[in-house]
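I have placed the structure first, in the form of structure tokens, so that the comments after it can refer back to it.
Note that the chains take the letters A, B, C and D in the order they are written out, and that residue 1 is the start of every chain.
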Amino acid sequence: MPNRYAFLGPEGTFTEAALRDLRPEAPDDARIACEGIPSVFDAVRSGAVDAGVVPLENSVEGGVTATIAELINGEPLVITGETAVPVEFTLFTKDGTALEDVKRVATHPHALAQCRGWLAQNLPDADTHAVSSTAAAARSLSEPGSPYDAAICASIAGERYGLRSLATGIGDHSDAATRFIYLSRPGTLAEPTGSDLTSLVAFINTDHPGALVELLNQFAVRGVNLTRLESRPTGDKLGSYCFCIDAEGHVAEARVGEALMGIRRVCRDVRFLGSYPRNDQALEADPPLRPRTATDADFAEAEQWLARIRAGYVD
Amino acid sequence: MPNRYAFLGPEGTFTEAALRDLRPEAPDDARIACEGIPSVFDAVRSGAVDAGVVPLENSVEGGVTATIAELINGEPLVITGETAVPVEFTLFTKDGTALEDVKRVATHPHALAQCRGWLAQNLPDADTHAVSSTAAAARSLSEPGSPYDAAICASIAGERYGLRSLATGIGDHSDAATRFIYLSRPGTLAEPTGSDLTSLVAFINTDHPGALVELLNQFAVRGVNLTRLESRPTGDKLGSYCFCIDAEGHVAEARVGEALMGIRRVCRDVRFLGSYPRNDQALEADPPLRPRTATDADFAEAEQWLARIRAGYVD
Amino acid sequence: MPNRYAFLGPEGTFTEAALRDLRPEAPDDARIACEGIPSVFDAVRSGAVDAGVVPLENSVEGGVTATIAELINGEPLVITGETAVPVEFTLFTKDGTALEDVKRVATHPHALAQCRGWLAQNLPDADTHAVSSTAAAARSLSEPGSPYDAAICASIAGERYGLRSLATGIGDHSDAATRFIYLSRPGTLAEPTGSDLTSLVAFINTDHPGALVELLNQFAVRGVNLTRLESRPTGDKLGSYCFCIDAEGHVAEARVGEALMGIRRVCRDVRFLGSYPRNDQALEADPPLRPRTATDADFAEAEQWLARIRAGYVD
Amino acid sequence: MPNRYAFLGPEGTFTEAALRDLRPEAPDDARIACEGIPSVFDAVRSGAVDAGVVPLENSVEGGVTATIAELINGEPLVITGETAVPVEFTLFTKDGTALEDVKRVATHPHALAQCRGWLAQNLPDADTHAVSSTAAAARSLSEPGSPYDAAICASIAGERYGLRSLATGIGDHSDAATRFIYLSRPGTLAEPTGSDLTSLVAFINTDHPGALVELLNQFAVRGVNLTRLESRPTGDKLGSYCFCIDAEGHVAEARVGEALMGIRRVCRDVRFLGSYPRNDQALEADPPLRPRTATDADFAEAEQWLARIRAGYVD
């Protein structure tokens, strides 16, 4: 049976674009649109699909709450891949509608927030209507008797629903991008590629100040750089946070393995979320800083030295 | 002319409850409901109102993106107060509707996420509909010809719109709370009370690893504890973050002032967001750890000692 | 053949007292007095004796330069034990000499420095003469035709050479003590006792600031406390230091082993000097601070967790 | 009355060479040789001389215990200058003595330690005799009826006492140097020159681990690099240390002043030892790493920014 992949639907979302990027070989009917992020997770967990794609963070809005909540508290899945998609918003209408005729614009609230400047300048009198996704806006607009005149969505969505582009690149942040993760069931690990990321969630002990510095030091002393640090509420009470962390390297590497063990010891809890090939394009703006003395060979040399010492030799 | 206060409307939101908590003496017509968080900021900036209240963070969902975006990038306002409101969700219907008759439930997406467990167990077959706020759900339900059978919202909203409570405390997190901030135009500072918080946004220099530890050390060496650390995208590109920080103490205190100057020196940019009386109830679960040697008297003693040394004396 | 032990002589030194403390069962002829600290090291290295005792640090004077130079630069020996001896200085004379007749006092320069206050008050007019050890002063005084009237030395020395005590406890620091180490040839390690110390010398990379903090963090993140940190010149040039460190724990413990490997990786060079039972009496004033989560069981649990993760399991 | 300067005598010591370097204009009779380091301190304290010179540290032996003891515990003086002198040892004899005739060599124990290699190779059968200084060895050798055949000392001493050089550069460390400090009575401070050092002694609170890192961070967060860190016993008990620190910069600079105040607050005690022009030659091997954002202008800018914030302005 061919592989099947869930993504945050409906058809035409940026998430579908991410899945096409990650699995370009998959036929159309292998991509299963799910309504809502939890449904994507559930589809992977149940085995209904082989893997799933959801957004993790956006360069304008930050972490995607529903994804992070599932990663932190849901039944565990592992991240085995990532990609990033530029967020380019387009204003679509139906054939025959001119810009001056647009009175009612539908889109997702986040898109609305990111196109606020353009709308204020170009459609100051139009009403805006929040719907559940940008693709849903496009679909709704395409339906007969739609209450809307226009939709803001990805070009993939406008094309899917046969709409006409009136204005492209209308987002206020021209470099905006969304990062997507590829989720699998636990059981195997991706092979290290030499350019990987490792994701985890750390619940620090808050019984003493400096606990966060302590956590960061666990990485620093092993030469592991962090590429993302995002605090999230634990859901318990105000002022209680956990930290979602992306670190350079693969759990199979000595430096990462030892750092994870250190975090395991000093934190109240830690959840491993996966090691996976880094999408260098996604993070190219932050080239990895080469750590000193943190290769597997460095670790092996130190281990051999320790073994000699423990056997009574001194050099 | 009496004072006027903007809040995130419509009437009946948790934000209105927060405003009533912060300004119990204000008459009903002094509270101005605004549509959308940016509108509250704009009403304060323009002088249309004297102050405004918006949600800042929720113990389940985390930081409120729109509020943080305005604080970071908008024309500056200052935080001059805070409060916290327990998030208690109630299922409201119109008179005569029984639980088994509820087929269409309206509420805000965040409320939906937080009541997911209860809904799955008690209304597994009902459709859920996302609207712009929990209060809007209540208002819509109260209107003749409403497409909904029920609304999930705060009790204040259900009462406001004459609805009937069917089930209370239906949120999955019984301790959930939202923290609200009170916004004023710049120009004066609240007096120190002895139990204050100071908020700021720090944009660290990412040209070297360890920049975050460097930032945290600027507080630590002056005996200033942090009560909140939240990373947010700067909006520039993936992987570029700034840090929203709440620290114990008032900018008028020596330890806080010196820490702010240190951050100013080592960061690419820093924005001061205000010093204001701490709502101890809101954060009571994390009692402040008393810093050693960080009182104004300690700073004054050290300053006098330095002055003696600089004058050539030695003791 | 019975065991033989070298010590820093001549007979009657504090070092002999330390050896008697460490090897109370050794017969008199098993203790070999050596002239000079390097001779003790050489006697152990050559196999002429089985072990040796030298002073390492004094609570008033600090590290003993000759001992540290041998430990750092000499052919390697390992420390397999330690003890501490209170430094109690006694003024000895020959029978018949009264305090007012003392005009010429012999002792070691360090003893002179430590009895300066008592001498100024009680023998303001006496000449002081520096000799190579306090025991040598006693021996010289006991010889016929000695140019001295009195010697300042340990009571063991006065008794050995048949002198008469005139005044005891004449040191300016009543709590003064000297710490001695027991040196063996490499080849075996002392068994861990549960209360051990590990000594090493670390040569940090001075090509970037913060290298010392980096070194200290290698211990801190593994829950290893330091009981001694002493900088010494490397002998290369002014401003070039290495650090002599005593850390709690035994190299056979996971936390110490991992810390040593970390130091090995980040330092230019590191020399292991031994793991040995702690003389709790010697250091009782600084009770060990119990590290969190740094037992071998903690390390084993973290290692098992990592193994599960690397095998693809997630919990 | 012309100025007078004390130095550690007798005539011909390395310390005299240092004084000549620091005060080349002083006539011969302005240089007062003192016996013992405490005597130099006392001569300055009493006003018998205007200033004094003593050795502080040696690149082979480390800190000079007597000097450090006076700086830490004695009646305060301030360091107002420094210099460094290469330690070049020469073997001097009287006219007519050949190398093969040398049987008894006098010198200071430290010189003995530093020439051990040369002596073992070239004079394996000679007896060595420890005297109170290398210059005293030269003086003694020059006296009629001297018990010695040779002296190891500085060339300045050999010349002073009319001896003949048999072998130069006989030290085992060809780059050995000693650093000397210039001591004045408190009352004025040297003007900042742009390349200064500040010396101090810090007594850390040992009631919690990490106190040393805390101390080092007080410098780091203000962009102040350290050029020397030397632990010394406090004299109280084994395991109790204080830290002698040389930091880049002058106490009149904002970064150094603020760092000193921070140390004053977190330490049990701190003693300021002086700010003085750096002898760049002495420390040239460690060029100062330029701190980021730590100039007086940086501090002033941050101070103005804080003043604006405290006045209610926000930018």
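Please note the rule applied: a residue touches a chain if its C-beta (ideal position, glycine included) is under 8 Å from a C-beta of that chain, and two chains touch if they have at least 3 such contacts.
Quantities reported herein were computed from a predicted structural model and do not represent experimental measurements.
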Chains touching both subunit A and subunit B | none
Between subunit B and subunit D, what's the gap in Å when you average each chain's C-alpha atoms?
-> 57
Distance between chain centroids, defined by C-alpha means - subunit C, subunit D (Å) | 25
Round to the nearest whole Å and give the separation of the Cα centres of subunit B and subunit C.
-> 58
For subunit C, residues contacting two or more additional chains | 217, 220
All touching chain pairs, where touch follows the definition stated at the start | A-B, A-C, B-D, C-D
Contact set on subunit D toward subunit C in their complex = 38, 57-63, 65-66, 69, 84, 110, 113, 116, 130, 132, 173, 175-177, 179, 206, 208-210, 212-213, 216-217, 220, 225-233, 235-241, 282-283, 285-286, 289
Which residues, counting only subunit B, touch subunit D once they are in their complex?
-> 76, 78, 186-189, 214, 217-218, 220-223, 251-252, 257-258, 260-262, 264-266, 271-272, 292-294, 298-299, 301-303, 305-306, 309-310, 312-315
